[in-house]
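Below you'll find the structures, each written out as structure tokens.
You will see two complexes here that share subunit A, one where it goes with subunit B and one where it goes with subunit C.
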Partner chain A sequence: MSPTTPLNPTSPPTLTLISNSTPVAQGAEAKVYKSILHPSREGSPVSIFVKYRFTKQYRHPTLDTNLTRARVAGEARALMKCLRSGVNVPGIRMVDASEGVLGTEWIEGKSVRALLGGGADDEGDDDELLEDGQDTQELLEEDTLKPFGLSQDTLMSMIGTEIAKMHLADVIHGDLTTSNMMLPFPSPSHLTLLYLVDFGLSFTSPLTEDKAVDLYVLERAFSSTHPDSSALFARVLDAYAKRVGEKEWGVVGRRLDDVRLRGRKRSMVG
Partner chain B sequence: MDSYQLPQFNRDIHIALLKNVSNASQIRSRIIIAASIPSPQGDAEREAINFAFIDPRLLTSALHIKTAIYQALLNEHQASLRTKSVHSEILWALNPNNNITEAIRRFGVSDSCTSLLIVRISSPDLNDVEAKIKSIVSGDIVPLSQLETLTDWATIKKYYKLNGEPVLEEVAGDTQRERAVLDNIVVSSVAMKTVMQ
Partner chain C sequence: MPGRLRKSNPLKKPDRPYYALGLEGSANKLGAGIIKHAEDGSSSVLSNVRHTYITPPGEGFLPRDTAQHHREWALKVIKDALKQAGIAMRDIDCICYTKGPGMGAPLVSVALVARTLSLLFNKPLVGVNHCVGHIEMGREITGAQNPVVLYVSGGNTQVIAYSRQCYRIFGETLDIAVGNCLDRFARVINLSNDPSPGYNIEQEAKKGKRLLPLPYSTKGMDLSLSGILTATEAYTTDKRFRIDPTTDELNGEDIITPADLCFSLQETVFAMLVEITERAMAHIGSKEVLIVGGVGCNERLQEMMGVMASERNGQVFATDERFCIDNGIMIAQAGLLSYRMGYTTPLVESTCTQRFRTDEVHVAWRA
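Right, the complex of A and B next:
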């Protein structure tokens, strides 16, 4: 029944796919690529975003395989939970856990960090901001948002609402920064939505503590990348409070105040 | 008919959507009989119907079936097929749980099918796939883009357990957006099936 020619044995197919893709960025954990998964003779092919958790030479191979597999699975499950709960996250397009590869929808747009003029981004997509120094940056802040038809205030509310939806689903992002929020370029076919990306550090938890720490991490990210951003972050929290409801916000908000005083590690052990 | 190559698997993929299919029950019994003829006598018959026959009413988009094909190919390459062939693996990949019989009953050809989506995964040297399909199925080949007109959204929601999910409340009333959201979730479930549990 099975096809007669043997499969190409030289290289795992997912690694061949990656070697034919465009590199986008690299971190300590993973490399990311832009690939085409399903070539088609009709119509233009659709790009996907591929995150490849490469083999770590410094770990025992068995441990490495297990950790990588678990992390790819964890990230995919968090995305799935968000999708079902109506959080705007990229859809999953392919998973090859044994090679450590997760493919998701490609979002053509800008990170919120770039839109707020947050200086050098390790993704390198706002290099043009760097060249002309501070004055131009101030100008660009308003200009970069214009094509999206959004004010800064609206953008902040969108951030708060998305995080609130995610926390209502008991998903904790674990690495909320303005670089991990994407605004797709506007298109006539759909509304402008804010996407949360990179669930590599995410986990599920219903605990107030974890949600408060998640918000605290974002607050710190805001203050370190965008100067004078406390007013902006207040808008984020307003929208968050509105979405989760008064009762839940009472608990999380109070805990956020505690976390601000002590930092994100509750226990001083270790 | 849509054909494309996946060089990383050394495979050609052929997808044909057929409407006005009149012999669905005959195809179904032919598959069952072919499986029970012992080798080598049955080999020719098995080769003749060596396709995946899928009920297009349960597909949300071309991406949905292509994702299932891709995951089936990955399973085949990693020697982790759950079913007996890469074609049945496509049906397994489409079904959200691990029950093979249920996958074939739900997503495979049934006697009531009047449209069919046919997939052939082959080595690059296979020719005349369209002629081979026409010799088995009596129906009209239509562009794959017509898939969306056949989709049975209510059954999809039921099978993929999407009723009552918060996302549907959010997009309630906007049919076009609801379908886009459903398609995205369904494609995502197929893509992540191997790491779901």
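Right, the complex of A and C next:
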């Protein structure tokens, strides 16, 4: 904590950190902040991305505490597993499971959704509600991608490879959309990398089914947010297949075909 | 939807009053109701009669017996509905019946009644989707404009929002419905089915104090309930479980009572429902929630939803048991809306189906 910040001795330090942070967004489950870690330390201060799962008043307090703790820990665990397996995900900077706070590396960049001209970088992945507003938006992919020194094809391959690496580690993202992929602004010191973010719905599973559904969710997100993107998605799958290997892709690819036929929503008996 | 211009309403005001008879019998409730759409665009419920097939404690309703019940009561219920409304069959514009989804045998027996009436009095038939009936009646009663709809009943659990002439399903149960989960647990602990097992669970839960750990399984906007039912049932074989605790036991010992189980089941399951509804609201940017279906009259669910909605500066709409629980009037309302758009079901197509998804219906009457 900065010595200039008055500390309230009764409030936990994590919540004090949040009260000194800049709000970025609020979703259904959590509030998101940009925060500075070690502001008093020498050198440039470190920005972090803080996800705060605040208390839900409607839930029984015991249930709420347990759920929040389990979810923060689960997200942190998935990130750790990815980091160990060399998947590009934001590094963990702090975890306070009992307060519902997870702090990760701040990635200064753009979401793939924005780069592909998929409109505002907010909600709306697997529904068709947003399509109405999209005819006004020009697709300027090549231009927006230029500062990153990437072609659209390369970007798609990077997405496929990153997902493949994650699935090889048996981590299922659970909410793969183009909004949940970030490209950091290029810097001369390192290569441009694609980051997978927001592991709030992730879980661990070695099952083909779960991996196929994960890919299917992304496919739906592509088709609803980026019209005429089937060629793009095919590039993603190519790169995925290449990375996981022929044998594994044979199984996952076939299951993906099944999932497509079935749809995620089955017909249900009334 | 945000950022979109409000289109003109395709439903024109009626040139004369319209009357519709609605017949519902997709589960153990047999309902007949008559609705009136007046020239000024308002609607009024002229009658809403219902008779429920109630089974002994510990038993559910079987399709064959339920169909039998509907056949026995159909004439009485329809006659009562006409009498209360004070109109004759010749004044009716159309006969609306539940086409699905629901239990096969009861659906068929009510559709048969509808077909017979249609031929006897030479009135057009309108087949109605049961879920759309719930949504339209909820909108009519509460005046909610464009809400996220949580449809919770014995057979369905869906989070729905309207988009481009279709009620789209954003999330739903992956296995059993929430009403089914509650009713089946009521049977396990031998609660009465009168007036409904869900109502008795709600009363029992008010006495419960201890929150027992149960699985909590939401998956994005979907949820799974069958494991929770199994886990709750498993507590009844726990050695701490007392079906009929004495006062001493209640005050001192570490025991599990049926009330505790009802309380824990409700708290867990409803928290899941509120969570997926909130996710859908955040997803499409809506501030209104409408709860429909039989479980929707549970006051604890309404209360939790209200807390969530007020945290988001939103509003919750719910109706009471007259309109939440399956009824004939909602079938009349949805049927009359599509009839006024020029839709009727020819006799040869007046079938029913057990599988009829909410998003298969073309909602012609909304912009």
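To be clear about the criterion, the second predicted complex is superposed on the first by the 238 of 270 C-alpha atoms of A that agree within 3 Å, B and C clash if a C-alpha of one lies under 4 Å from a C-alpha of the other, contacts with A are read in each partner's own complex, and residues count from 1 in each chain.
In this text, a contact is a pair of C-beta atoms (placed from the backbone, for glycine too) under 8 Å apart; a residue touches a chain by one contact, two chains touch by 3 or more.
Just so it is clear, the structure is predicted and the values come from calculations on it, not from any experiment.
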item: Contacts of A:57 with subunit B and subunit C, given as first, second, both or neither; value: second
item: Which superposed partner A:169 touches (first subunit B, second subunit C, both, neither); value: first
item: Contacts of A:80 with subunit B and subunit C, given as first, second, both or neither; value: first
item: First, second, both or neither for A:250, with subunit B first and subunit C second; value: neither
item: Partner chain in contact with A:97 - subunit B first, subunit C second, else both or neither; value: first
item: Partner touching more residues of subunit A, whether subunit B or subunit C; value: B
item: Contacts of A:13 with subunit B and subunit C, given as first, second, both or neither; value: first
item: Those residues of subunit A which subunit B touches in one complex and subunit C touches in the other; value: none
item: Complex interface listing, subunit C residues touching subunit A; value: 1, 3-4, 26, 100-103, 130, 155-156, 161, 163-164, 168-170, 172-173, 211, 213, 216, 219-220, 267-268, 271, 274-275, 278-279, 281-285, 304-305, 307-308, 311, 354-357
item: Residues on subunit A engaged by subunit C in the complex (per definition of touch); value: 27-29, 56-60, 62-63, 66-67, 123-124, 127-129, 132-133, 174-175, 201, 265, 267-270
item: Subunit A partner contacts - residues on subunit B that touch it in the complex; value: 2-11, 46, 50, 63, 66-67, 70-71, 73-74, 76-78, 84-87, 121-125, 143-145, 162, 165-167, 169-171, 177, 180, 184-185, 187-189, 191-192, 194-196
item: Subunit B-touching residues of subunit A, taken from the complex the two chains share; value: 1-5, 7-8, 11-14, 16-17, 20, 37-42, 46, 69, 72-73, 76-77, 79-80, 83-86, 91-98, 103, 105, 165, 168-169, 190
